[in-house]
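One chain, chain A, links the two complexes that follow: it is found with chain B in the first and with chain C in the second.
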Partner chain A sequence: MTARASSIFTGAAQSSVLTLNRVCLLLVAIALLALFGADLAIYPVDPWQELARIGQGILLPSWQEPRILLEALGQTVAFALLAVAIAAPLGLGLAMLFHWRGVRVLCAAVRSVHELFWGLIFMQLYGLSATTGLLAILVPFTGVFAKVFAEIFEQQSRDPALTLAVGLNPIKRYVYTLIPQAWPALLSYTRYRFECALRSSAILGFIGLPTLGFHLETAFKQGQYAEAGALLWAFVLLIACIRFWVRPRLILLYLALSIWLLPETLGFSNGGYFWRFIGQDIWPAALREGDIGGALSWYGEMLSEQVWPGLVQTLLLTQIALVLTALVILAVYPLATRAMAGPLMRWPGRFLLLVLRSTPEMILAFVFLLLFGPSGLPAVLALALHNGGLIAFLVANASDAGRGTLNDRPDDPSGLLRYAYIETPRRFPAMLAFLFYRWEVILRESAIMGILGITTLGFYIDSAFEEIHYDRAFLLIAVTALLNVLVDSVSRRLRRLAHAEPVRQQDSSCLKVE
Partner chain B sequence: MSEQRTLFQLSGQSLSYGEHRVLDNISLQIRAGERVALVGPSGAGKTTLLHLLYRQRPEQVALQPQSGGLVDLLSVYQNIFIGALARVGTLPALWNLVRPLAAHREAIAELVETLGLEDKLWQSVDRLSGGQRQRVAIGRALYRRQPVFLGDEPVSSVDPLQAEALLEHLLQQHETAVVSLHNRQLALNHFDRIIVMREGRICCDCPASELSEQALDAFYQQEPSPHPEPPPEDLQGWAMVKS
Partner chain C sequence: MSLIRRLLAITLLVLPALAHADTFVFTAIPDADESRLQQRFGKVADYLSAQLGVEVKYIPVKSYAAAITAFRNNQVQLAWFGGLSGVQARRLVPGSKALAQGYEDQFFKSYFIANTSTGLEPADSLSDALKGKTFTFGSKGSTSGRLMPEFYLREQFGMAPEEVFERVGFSGDHSRTIAQVQSGAYQVGAVNYAVWETELKEGKIDTSKVRVIWTTPTYPDYQWTVRGDVDQHFGDGFKARVREALLNMKDPDLLASFPRESFVPASNDDYGPIESTAKAIGLLDE
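Moving on to the complex of A and B:
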């Protein structure tokens, strides 16, 4: 007994805050260094006048043709709903096979490529069609569902399985124990993913699909900010009211409506073209001809001119955005808490956080791009605001949930002192864990920002597709995917180092991957 | 009974989680037909020992873990039906979730009468009290229809009268049983052999007829110590397992 106790004490002799602080300092130092390398210039486009016009548009939204607005919203929902309806069962099936290495690698590969890149790939095969939009969402989402569902299964109690006969067919085992055991968690994660699918569906408009992003881009580019404002508000409301309009009984009706609402172009491509794309188009000509020297020089050139600069810029922006996200969280989470903002005044704060988390990063970045010109600054700001809003929301919820528990004392300080001495230290480990979970997401998003003209990996990928250099696009996408896998494993290690696993499994599963 | 075949055999088995030694040099043999009660203070290693035994013959054992292993969202019927999964094909098993199979409906309806749960058959088990849940877990073990029952405190939350009846029923329905209990009276009245555990060791392993409640209490009241004390004098001569 005594030996056991002393071993615990020697383990706890070092302060746990020390490790956390070291991790944080390291991240801040990296971000400061990154400031030197990142392209964060502000181009003098007189942002304030433009900002005033955008602000006016957002405050006074108007829309001339409600039919088009409804159609855009309808198609955004249709793509998201159908994709989730297909991806969730597929992911569930793969989650049951997740102990196979092949399945794990396949899932990691498909989810490390962003929906927009999948969209660009499928566009080459199926054109601007319903197939492209659906596949672009459901392929990466299947990988995410498989991983998260498998993790949820892992967290379930093993006891029910012990009462089963040994060597039982796995289908029976899952259907009678793990699936019903995990059902509430599976359902709540699927609901959350649907919200993500809505955002993905909206931004697929940026590559031309007829969803919200398409109309938004058009409205912004034409300077019709009142229309853009109407679209943004409609989208925020759509997400804010999800729990009122997504009802189990109505799902079948919605699915039928979605099929009816999809764009008419189905986009079939003959099999021959598909195999040519896989077998030839995505490989450099020199490699196909067996010219090793030529292939090597092609790869060398790609590496020095596109892969390396894109990679560096993506990583630099990611690190800056990560630290800035933490600052945003620390600044805004108290606004939404009962303890610090008060029972009534927390509602404006909660509304602000809702707007931040429901607006896709791409759309925020797009607006900032109009203000500050094409540098990394819009990307960093957009990433920090969106992710900061999302995590601050969870932190504020955790703070509210902690009210009235045993830890809560009547003589606790209030106001700023409460913020500094009680709430922030208590929420800090969970906040860091959330932040590390979002790291991978921030990386994927900063790569994708390139589509808007910021020189991250996505910029080179987008240009490669535009110039029909599929070989370049494929190499760049593969590099981006590898980078994602790498950051995911570093983040997992850091979380373990900081012992910063969030307490609520439901919250963490919502943040793991997007 | 001594000619019966050996079902479980451990010799010098130890098990540690990190620094903490859960089982310390356990040796024992259990033959088919024996009714063995495991007693001892909590943390003595009873649960770990049961799981170790389970792993020796999983194909013959109906295990009732301490938590019961119920699936909250499923009804009492489905939770008991889980015991029969190995006897049912995959498609009928899937169909049973939608429409319960007639034959099992009858058999389980009969079983829940023994358990006193007839009016709860179609309720999901998350709405049941602790005692009711435990009876569902017993129902599942019975419906496994295995020769060996391994139970970890199987009747601890059931009211005393019912506990006695259900324990007797479990023992009747299984050829062999190893059951951990905290109720010493139940152990003495219903079992042939009693194993007392303490701090990961077996400190007494003998026929129930040679023990009394007072003698069992003595094992609980000993001062906790890193090394087991020599057994009290009145225990000399019983089958001791050297540790």
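Moving on to the complex of A and C:
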């Protein structure tokens, strides 16, 4: 801490600002280059009839059967709660072992597969069951928890550990120093992840689990927009009210309720499906028959026809979406802060951010598809708005939490000057850190844009599952995972270069404010 | 003591599984209107239960792929598949049989539809004017929204759809295909004829914006497929009784869920053309 404070008065601070600027410029330059390669055509369309129906449905939502809505809400919460309750302790355990490269790679690999694809994989093993839903959330979430918890530990002061006996076993070290030190940050991050788990749980309905997404997808694709509107509002309300209904004392009760609420499991894996899947399904026929030449030509064909084009499209879209996300954050976060929008006027801003982060990207993408026609543009816009809304919410919270601290001065400017010279520079490193975290999320999510006719890696993975070509799905998922491990290590390095630490302490207090 | 407890625990774990073993489970994805599946097909389950004398359950699924997986893993024993998904499922589960198809499924067809701004006119064949347009299929595993349209595109133009059109999307659903072509988001699309006719009747289609430009030749589509091992689990002749029950389903309320006029007998061989088409365009391995 002291070293850091003194560095502000030396050249070190300036050089870190310089690096920060360089990293940002580099990302912008890459995105500009990507603009040339990406497919962002706009087509003449006449969407107003359809958009009017969507607008009407959202303004005048209606739902016939409250029981079904309540059931879907209950199951959305049940999956999310149980998955987090299992994933957080597992993640904590792995975080203590995060200095092992093997653990880091494993965590990056499980994180890199979208919840929907985990769902599809587990469905092969456990059918359409509670097990499938739980595992689909908890496996990737464990990877995320491990990574973030490990980073939280990294930021803790090492001083308390010095008081412990030399040679004490590492677990005791964690239990007596690091975990108590980091407890508030660990807890607040877990709470934030719970909101993410609710979103994942809802989206798993898209592949058939009985959560909100099940009905939302049906209503939306069949143009029953009043019902889709009702479901969207229910979901927004659920997330908006988290702080009222998630109470530490009630958690145990909720957990018990969740187990009771989980859908009845029809069918179960007897182990045979597992070995069939691992041993046969995911390997190309040629390889299983020992035909090495045939297998090589199969891999070669996949590489040139799906892997490479998918990789290029995915990266192009991701880089553009990343920079656009940053612009969205900078544009909307002040609307939700006490300092710039004012104590009252920040509520419409906060509402906007709530809607942006609660609306599944697929629905945003569909609306933009109607507006601009099929190309990468709807995908980029949907990703940027959703992720921008999410990060802007965290940044705005950090800004509100910074009020009344020592940094505040009575002669601070207000309005635009405050935005340009005080808030944005102060929030910028944290914002960049959040952005780097979302990088891999954006990478994963660019996968779900098949309706746009954009052939990202995810498009091919989805096709492979639909066409029952699990060998292709496995190869493509493995490539995506590798790409993600790569992006993860680059973003780690960039973050260190930019000194863009996530400022967990602020983050934790901001979540309490919320 | 602890041994008894352990035995008790194991018994409790196994009992529900045994209870399930006697339940006959089916799934179905109708080609239109997927809302309130549980209620609508719950009635079909009640009907089958009364006819067959065993407990019958319906589970809703979201995609053909999920239906096939459930069928393969014996989570469901009977399924209302599309033409292509039925072929895929029967390849994965040796011994399974197509029992019955909808009356309409004997001569099913797809419509190619176009936004009127394209100036494309109804014709007897797919015209060269289609080249360079944007085009959307329905869902990736659909027979009427993907397989047959792709087959006829390849037959007409001698190349893959991605080469014929400027852009090829997958709307995921027939209703969405219609909405997207009507709004001009895509210029041309391929859609299940039954869904088009239903939406036309309901007044959901603005014919000044979108129209049918070509109709495919007919092909067999949706059918009921049952696993080969049901006779072992539910008694000899069970398969035949299931077929009887399906063919005798006359209640318009039940049939409306599919929606079909009635069910007629079908066999695996009826779907030979679908299988060879799927192989021809590379959707199925040889």
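Keep in mind that, in the parts below, the second predicted complex is superposed on the first by the 375 of 514 C-alpha atoms of A that agree within 3 Å, B and C clash if a C-alpha of one lies under 4 Å from a C-alpha of the other, contacts with A are read in each partner's own complex, and residues count from 1 in each chain.
Definition applied: a contact is a pair of C-beta atoms (placed from the backbone, for glycine too) under 8 Å apart; a residue touches a chain by one contact, two chains touch by 3 or more.
The model shown is predicted, which means the values in this text are computed figures rather than measured ones.
Peer 1: According to the contact criterion defined above, which of chain B and chain C contacts more residues of chain A?
Peer 2: Chain A has more residues touched by C than by the other partner.
Peer 1: Could you say whether A:217 touches chain B, chain C, both of them, or neither, answering first, second, both or neither?
Peer 2: In the superposition, A:217 contacts chain C only.
Peer 1: When the two structures are overlaid on chain A, which partner does A:163 contact: first (chain B), second (chain C), both, or neither?
Peer 2: Touch partner of A:163: chain B, not chain C.
Peer 1: Touch check for A:124: first (chain B), second (chain C), both, or neither?
Peer 2: Touch partner of A:124: chain C, not chain B.
Peer 1: Is A:445 in contact with chain B, with chain C, with both, or with neither (first, second, both, neither)?
Peer 2: neither
Peer 1: For the complex, give me every residue of chain B touching chain A.
Peer 2: Residues of chain B touching chain A: 18-20, 51, 54, 58-59, 62-65, 67-74, 78, 81-83, 85-86, 88, 90, 93-94, 97, 137, 140-141, 144, 224, 226.
Peer 1: Of all residues in chain A, which touch chain B in the complex?
Peer 2: Against chain B, the touching part of chain A is residues 1-4, 7, 157, 159-169, 171-173, 175-177, 180-181, 183-184.
Peer 1: Which of the residues in chain C end up touching chain A in this complex?
Peer 2: Those in contact with chain A are residues 17, 20, 23, 25, 32-36, 57, 59-66, 68-70, 73-75, 88, 92, 117, 134, 136, 139-141, 167-173, 175-176, 179-180, 182-186, 204, 206, 209, 283, 285.
Peer 1: What residues of chain A sit close enough to touch chain C in their complex?
Peer 2: Of all residues in chain A, those touching chain C are 43-47, 49-50, 65, 120, 123-124, 127-128, 206-208, 214-215, 217-219, 221-224, 227, 266-269, 273, 285, 369-370, 373-375, 450-453, 462-463, 465-468.
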